[in-house]
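Step one of this worksheet: look at the structure below.
Going in written order, the chains are labelled A, B and C, and every chain counts its residues from 1.
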Amino acid sequence: MRKTVPVIVAFLSGFVMVVSFFFNPERTFIGGGQEAVLQWVTIVSGFTLVLGVFSIVRVNARAVARRSKGWFYKLLTVVSVFAMAIPAMLPVSKNTVGGKIFFGIFPDNWGTLFGTGPSSIYDWLFTYVDQPMMETMFAMLAFFIASAAYRAFRARNAEATLLLLTAVLVMLWRVPMGEAFLRLFSDSFPQYINMFVMNGFNVAVQRGIIIGAALGAASMSLRIMLGIERTYMGKG
Amino acid sequence: MDFWHRIMNIDRRWIYLLIAISVTFPMIVVMKFPVRVTPETRQLYDAINNLPDGSVVMLTFDYYPNAAAETEPMSVAALRHMFKKNMKVVTLSNIPLGGPTIAERITREIAAEYHKVYGVDYVNLGYKANYNAVMHGLANSIESIFPSDYTNTPLKDLPLMDSVRNYNDIKFIFVVADNATVDYWIQIVNAQYGVPVGAGVTAVVAPKMYSFVDAGQMTGMLGGMKGAAEYEKLVGHEGKAMRGMDAQSLAHLMIILLVIVGNIGFFVTRKKDSEKS
Amino acid sequence: MGDLTFIDHFQLWLRAYLILSLFSFLYRDNLFYRFSEHIFAGLSAGYYVGLIWQTVIIQQLVNPMIDNGDWWLVFPGLLGVLMFARLTRKWTWVSRVSLAFVIGNTAGIYLISSLHGLILPQMLSTMKAVNNSGSFSRILLAVVVIVGVISTLIYFYFSKEHKGILGATARVGIWFIMIAFGAHFGYTVMARVSLLIGRAQFLYYDWGTSIRQIF
């Protein structure tokens, strides 16, 4: 029962999508059903995103309570979660029941600070604190890739040499200075790189990978719908 | 330790410093090599340009904030192009971390420059979870998935959305992405509903997109910051991407130099070590 | 940028501090880096909560139920809440229905889209390429693509040992893959460098403007 019902639900949920491909939803019975299923899926999927946050708060809060190593940093994490989440969840106007109660206590003009709209605390924290840090974390990869290229990118054999030469050629072609350098050899050199390297060899390999991966995805999807693949359910 | 062994065992922080210098130096000494437009960028630009003025297009902000250096110039250039042609723009994001906030900020900023009115000339739908379901759902009815826009205004209160019910009312979808969502725009929306799709993608994703452009599933592509610079050139508005091309050039040359020196050092030290042993 | 207000200066200096504190990790792990890193983790997690509260709970559940009388939406809401049963060991099985609903739907979408939207168009394009070509270089390109697609697919076929014709084709595939991955590496370097350029542009142009105006 604990596994049978989910398998049936998975099959039906997917079956609606498969059938609606063959029957035009606008003109057949499937139309309203497909629309409702998709609406429900977007709602339920939203809750899955928040699941991880609960986990993070629980793990970090326990570490803070136990005063384990680095507990102060974990406290920062937990405080940051609430600093972002709570203002976003507060009402923005008196139009709701909660809003009437809330703005009965607090001034009306505080409404712009709450919710997720522009000029809210949520928006400000994201734009001026979270986003710059996110961009910086990934910007550091430039240093790491340079260091890795220096230490590990070796022309040890013919295949590696081919990979290295192609990488160098593409790195030159993709920048104006490099393209100007390549044009010293021939005006059409950049065009041939685009044509034969990117639209030739690259397309061929990418296409092979796309086809292979798509075949795998299709077969895995069928296995899930037919209940053969049940690992997503977890143990128990 | 001889010279080459010292070079091979150099502290990685010196390499970091070289990269930092190669990126910042061109900002002080501006070189401005010409940016030439590739066929893929031209194809995307022409696709938008050939649409009648006033057409309804969809612009997606399907990128995480960490990729903004590459993708934000694309979004900005695309919006400028669309607003110049007086197109009606519907934006949305399939990225739960930052996408809708970035979409809101950028569209309002650029729309203000062109004196566009929210709700009449452009609408930001915001975000809804599960992009596969969202993409399919928009084919039936936008309102079934997005009952209101990002700022909680019901769609029925937005004049633009009176005439935009589903994909039938959208002439082109311009995806700006740093991940696999662009694959799904192609394999779901373009393949099943026939809406033309073009994309600006980060350089990591770009090589894969060539297959879709070649197969006609995608109408043009912008690849990385260079692609954004090319589009800025076509739109006629120099932005961050064009300004960053000098730094990109010098950094690439520096990395190529590091690879060459690393390989020379590798072979020299390997020979010396085998002679010693 | 024009004359900056006090708030503008504060925002620019705050961002510059956060950027430089994270970059300080490149020299050595330190207090400033850890401080910023943990705030970043918390804010990112908090962002999800605020977004889902507004976009799902308010916009897709509460408002339609109250304004339009769509009370049947309580069922997907309940399915969503059941998802939280995963956080308990005893009641994890309750969340399976919600998970199965979402994953089954996604599987149904993938089944059709991967066949109809990926495999068929890509194969069709490969087969039509030679026929549609005009000039010699285009025909050569089409042949390169066909040979490359087949040899790549064969290289990744591991159900049979790579011997004889299969082995030879797989070896051709390796050469194609090396060229494609070399191109991919070049693009990846470009991507990473671009992200760094974005930060450098902020520090030099935006923060630099603030410094010039203050000093």
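The rule is simple: a residue touches a chain if its C-beta (ideal position, glycine included) is under 8 Å from a C-beta of that chain, and two chains touch if they have at least 3 such contacts.
Note that the structure is predicted; figures quoted are calculated from it, not measured.
Undergrad: Keeping to the contact definition above, tell me which chains border both chain A and chain C.
TA: Touches both chain A and chain C: B.
Undergrad: So, comparing C-alpha centroids, which chain is the farthest one from chain A?
TA: Looking at centroid distances, B is the chain farthest away.
Undergrad: Find the two chains joined by the most C-beta pairs in contact, please.
TA: Counting C-beta pairs in contact for each chain pair, the top pair is A-C.
Undergrad: Find the geometric centre of each of chain A and chain C from their Cα atoms only, then give the gap between the two centres in Å, rounded to an integer.
TA: Taking the mean C-alpha position of each chain, the two centres sit 5 Å apart.
Undergrad: Between chain B and chain C, what distance separates the C-alpha centroids? Give it in angstrom.
TA: 12
Undergrad: In angstrom, rounded to a whole number, how far apart do the mean CA points of chain A and chain B lie?
TA: 15
Undergrad: Listing for chain B: what residues touch at least two other chains?
TA: 16, 19-20, 23, 66-69, 96, 98, 100, 128-130, 133, 136, 150, 152, 192, 203, 207, 211, 214, 223-224, 226, 248, 251-252, 255
Undergrad: Among the residues of chain A, which are close enough to touch at least two other chains?
TA: 17, 21, 38-39, 41-43, 45-46, 48-49, 115-116, 126, 130, 134-135, 137-139, 142-143, 145, 149, 164, 167-168, 171, 174-175, 198-199, 202-203, 206-207, 209-210
Undergrad: Give me the residues of chain C that touch two or more other chains.
TA: 26, 44, 47-48, 51-52, 54-56, 60, 102, 105-106, 109-110, 112, 114, 116, 118, 122, 125, 145, 180, 183-184, 187-190, 193, 195-196, 198-199
Undergrad: Can you list the chain B residues touching chain A in their complex?
TA: Touching chain A: residues 12, 15-16, 18-20, 23, 31, 33-36, 38-39, 64-69, 96, 98, 100-102, 104-105, 108, 128-130, 133-134, 136-137, 139-141, 144-145, 150-152, 192, 203, 207-208, 210-211, 214, 223-224, 226, 245-246, 248-256, 258-259, 261-263, 266 of chain B.
Undergrad: Give every residue of chain A touching chain C within the complex, in rising order.
TA: Residues of chain A touching chain C: 2-3, 5-7, 9-18, 21, 37-58, 73-74, 76-85, 87-89, 115-116, 122, 125-126, 128-130, 132-145, 149, 159-160, 162-171, 173-175, 195-212, 214-215, 217-218, 220-222, 224-225, 232-236.
Undergrad: Residues of chain A touching chain B in their complex?
TA: 17, 21, 25-26, 31, 34-35, 38-39, 41-43, 45-46, 48-49, 92, 115-118, 123, 126-127, 130-131, 134-135, 137-139, 142-143, 145-147, 149-151, 153-155, 164, 167-168, 171-172, 174-180, 190, 194, 198-199, 202-203, 206-207, 209-210
Undergrad: With touch defined as at the start, can you tell me which chain C residues reach chain B in the complex?
TA: 26-27, 44, 47-48, 51-52, 54-56, 58-60, 63-64, 67, 102, 105-106, 109-110, 112-114, 116-118, 121-122, 124-125, 145, 180, 183-184, 187-191, 193-201, 204-205
Undergrad: Quick one: in the complex, what on chain B touches chain C?
TA: Interface residues on chain B, with respect to chain C: 13, 16, 19-20, 23-24, 27, 66-70, 96-98, 100, 126-130, 132-133, 136, 146-148, 150, 152, 154, 183-184, 186-188, 190-192, 202-204, 206-207, 211, 214-217, 223-226, 240, 243-244, 247-248, 251-252, 255.
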